[in-house]
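The following pair of complexes shares a single chain, subunit A, combined with subunit B in the former and subunit C in the latter.
Right after this comes the complex of A and B.
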């Protein structure tokens, strides 16, 4: 571990922010065209974030301010471990890559908990309802997602992301989206839940609970939350690309796969309504969980993998 | 001997540097205006067409927002009764600065068709500073969007400083508000 590793890590986090912000803007344009509108400029999301950082902000006590910084730090720390391709990765030592799947599971929670703490610190009841719904949604999608990922780990015999990536790129092996079709579908549905896309957008719900956890944020804190959101979307979509779509051999492949996954999620999001929170939990515990368990049984006990 | 080839670099004062940064911020602020819609009157019906496919507000970087903390523009559409005026002032004071007020229709200008009602205020400008008026009863979506473009021009030319006026003439605004609404003694945990 030298200082260079940390610089590469911060570079990856910054790259993820710029990438996701640009792709988010392009996606707003795509959605605009879908609705027969002109749509905003592709760099609109950058303008939004820098505008928010340029505004004055109120504080609701030090928990409110500190929670935002902690969440942003936690998310940047998580993004530092994310491999972009097989070779571009920050923390590696003598052929050992420090990019275990469970690092992301643990470190993502720091960001989410920081945000929950900060939102509760604002004292607004909408924020508490939003945080409660966010944690409930998390509880709902984590179970099927983890079952599928543990199946993948069991089958490929390793939990390092680059290892899983290389396993899928080996001759004779398919992407896990194809090798485990049921698991791939469950993974994508859980990705929609993680991203907070439309059927599972319950914890944001601007028209219902006034944008949930973000209700009391304005100015600089909201700007930091937007940066946090962009980086966490980068982490979640990259996880899907690496686990199910065979990762990437070079950076262009990564960009194409990333764009395809995020755009598909966004398009599905824009033709759907919103579930209630109990519908979200019932949905995840019914079909995705059933499909995930079926996939696990098929892979582990029968060994039927395409 | 000093070289005469280059003119010496003039050192900028702190005020000039601040002004330059403020202009950079103004570029971002005028290209990403978020609305908080305070829809009490009939003018609100003109907003859906100006937001959706027909006139598409989002191409200017504008969009609706859920809470006052997140918003830049307070859009007052239509008449304000004394009861709603109090909420409007609460809302305005919660917004983070710089903030702008756009008044839609003729009711906030001079009372419109409700000018002789006992429950409706006639001039919004007496209570909160208004940056842009869009006149008409009701203004059509073209005029609404034209009003927003005027606001953007004004931010560029530094003429939209209603929020500064509110700071400078705070006593005057407060007195007007109290004259219309009367003082209220709030009984809750923060005011005991």
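Right after this comes the complex of A and C.
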């Protein structure tokens, strides 16, 4: 590891931020057109963030600030590990790639913990309720998702993302979305949950619990949380691309797949209502979990893969 | 050279001195206890790592010792937890009714621990186990509840009896010898399965695993505040030790699951461990008492340890052993933080507490570090062990165990966050305005444990290399560890790199935060309330039934096990009544009839 590796990592995190913020902006435009509006300009999200960062805000004590820093730090750290294609990744040493799948799940959790801590530290009950819902949602989508990943890792014998990518790109192997169709569907539903897209948007629920965890934020703290949100969306969508869509051989392929996945999730989100929180849990523990287990049994014990 | 025998005798002697000193002055006696435990810890650490302990026995009759890496690993962890907890004694003992004997019992139980892990004789093992149970049984009711001591004792005795029967089977099987090494090696066939089951009952009872978990929250929740960390961080690990004996050393030849390449016996244990994880997690999410919540989390972590030891390969064992260390540190840290809060406020109920962070920031940080480790998030020790266990589970393709393992891992975010939100964060209550941070002597162990939680998560290589020695000693191949990286079966992990990158991320975030305009500090009550005027901070504190929508989903099922044990207790009582009715009746004729009947039964076939 040299300083160059770390600079590449920071570069990837920055790239992820710019990419997702732009694609998020384009998506706002697309949704606008769907609803017969013009929609904002594609760079509107950048303007929002920089405006927030420049404003003077209020703080509810040291944990309120510390939590935001820890959250953004955790997410930036996670993004630094993310490979873009099978060659573009920050931490690689003599052919060994340090991008183990579990880093993304658990280092992301540090960020989430920081944010939850900060939100609860604001002393607003809406924020605590939002955090409660966010954690409950996490309990719901994470288990089916990890079972699918268990299947993938067990089948490919790789737990590094680039390893999984290469496995899918090898001749004779299909993308896991095709090779394990049930798992792929589960993966996409879980991605919707991770992104907080609409049937599972319960923890933000602006009309119901006043934006949940975000209720007390403004100014630079809110701006930093926006950055955090953009980067975490980048991480989650990239995970889906790498795990199920065969990753990418070059950066353009990555961009196309990324755009397709995020736009699809966004479109589905916009024609759905919102679940109640207990409905989210029962939903995920019914069909997606059953499908994930079926897929796992089929692949691991019978060895049937398309 | 440090002799085990002398250390044990030293502890017994120190216990007596501590008793006398505590009688004169509680503070003095407690300080003496700290030094006594410290002496034992230092001796163990100085000689034990390289197996340089003196095992010769000169004074104690019928007792013999030998040293193994396995025993040392357990012993050093437990002695360490004892040492850390002993720093808390000066501030708690005065509240207790029988405070004089507290330090005596504490040191005696430590003597039992040393003996149990260093003995090479089954009968000695049983003796030392009983010593631990009997001494700790008198420590628990000092908290407030006798019921806690009774249930702890009941389950422990059930485990001990099972173990004793197992020991007798081994004794008979091994040519009337109580030697542990040859005894375990000589087992085969049906005897092996029989002893396997008996030892596992003991392991489950001590570890507080499903279905023998009922005592865990009762005992942990009601034990004296400084004793709960010992129970959870140290004493339940005795169960893990017996589990290792049963699952790895005995490992009877039952049928094989071909798909997973795992014996059926082991797989059943893994499934029971999974049930333990799921039940523990669900009950912890529901619990309102912070100490009981952590007790249920111990149950869930006990499940991880069982799962790890039932997957028969070096990778899983490494995960299991590392998890024992990581969980001991994490749960000791968390329990000690809660103990500090309980000392300052007099309660551990989360709905009565709030905003402690503003009064006790260091305790808060200790709790935060502990729960990050407990939830298995980098850069703490729990991440390493969970990663190793995940690798092993995935590699074996254990889907159903996988569900439980992942569920427990994500569920642990939920339950560990609850005390954080309800107890430390949120609104600051006016009744706790006068609360102060814990005194400096209590902060020393807090800092040490915080440091070790981070150390185990950043530089696990040294510890894993020692664990490799244990694995080799057990007859399996260790895992590949380099200075910074750990090789799993399907990937490589570099914990130091993860921590460094996380630190860089935080540094970047900090720079962004600091260069921007400074925020205006406002009061906690100055929040968005949808234009309502809220005058009381209790109304703005969300802590009762934190996960209510989730709890509602399994409300009906959550009392199943409790009902089962209540029904069982009723049945036992009825059986007792029947016995009393039959044999202790006031009617002389009935008694006479039974005496004659029993004599006839006993003499049947011999004389008659």
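Methods note: the second predicted complex is superposed on the first by the 306 of 306 C-alpha atoms of A that agree within 3 Å, B and C clash if a C-alpha of one lies under 4 Å from a C-alpha of the other, contacts with A are read in each partner's own complex, and residues count from 1 in each chain.
The criterion applied here is as follows: a contact is a pair of C-beta atoms (placed from the backbone, for glycine too) under 8 Å apart; a residue touches a chain by one contact, two chains touch by 3 or more.
If you're wondering where the values come from, they're calculated on a predicted model, not measured in any experiment.
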{"item": "First, second, both or neither for A:150, with subunit B first and subunit C second", "value": "second"}
{"item": "First (subunit B), second (subunit C), both or neither touched by A:210", "value": "both"}
{"item": "Partner chain in contact with A:222 - subunit B first, subunit C second, else both or neither", "value": "first"}
{"item": "Touched partner set for A:199, first subunit B, second subunit C, both or neither", "value": "neither"}
{"item": "Touched partner set for A:41, first subunit B, second subunit C, both or neither", "value": "first"}
{"item": "Superposition-derived comparison: subunit B or subunit C, residues of subunit A touched", "value": "C"}
{"item": "Contacts of A:51 with subunit B and subunit C, given as first, second, both or neither", "value": "first"}
{"item": "Touched partner set for A:117, first subunit B, second subunit C, both or neither", "value": "second"}
{"item": "Touched partner set for A:32, first subunit B, second subunit C, both or neither", "value": "first"}
{"item": "Which of subunit B and subunit C A:11 touches, first, second, both or neither", "value": "neither"}
{"item": "Set intersection of subunit A contacts, subunit C complex versus subunit B complex", "value": "54-58, 210, 215-216, 219"}
{"item": "Contact set on subunit A toward subunit C in their complex", "value": "1, 6, 9-10, 13, 53-63, 65, 68-78, 80-81, 91, 96, 98, 100-103, 106-107, 109-110, 112-113, 116-117, 120-126, 128-129, 131-133, 135-136, 138-139, 142-143, 146-147, 150-151, 153-154, 157-160, 163, 210, 215-216, 219-221, 223-224, 227, 276-278, 281-282, 289, 293, 296-297, 300-301"}
{"item": "Residues on subunit B engaged by subunit A in the complex (per definition of touch)", "value": "24-25, 28-29, 31-32, 52-53, 56, 58-61, 65-72, 95-98"}
{"item": "Residues of subunit A touching subunit B in the complex", "value": "28, 32, 35-41, 44, 47-48, 50-51, 54-58, 206-207, 210-211, 214-219, 222"}
{"item": "Contact set on subunit C toward subunit A in their complex", "value": "259, 355, 357-358, 361, 368, 372, 375-378, 383, 387, 390-391, 393-395, 397, 399-400, 402-403, 406-407, 410-411, 413-414, 417, 420-421, 425-428, 485, 488, 490-494, 497-498, 501-510, 512-513, 516-522, 524-530, 537, 540-543, 546-547, 549-550, 552-553"}
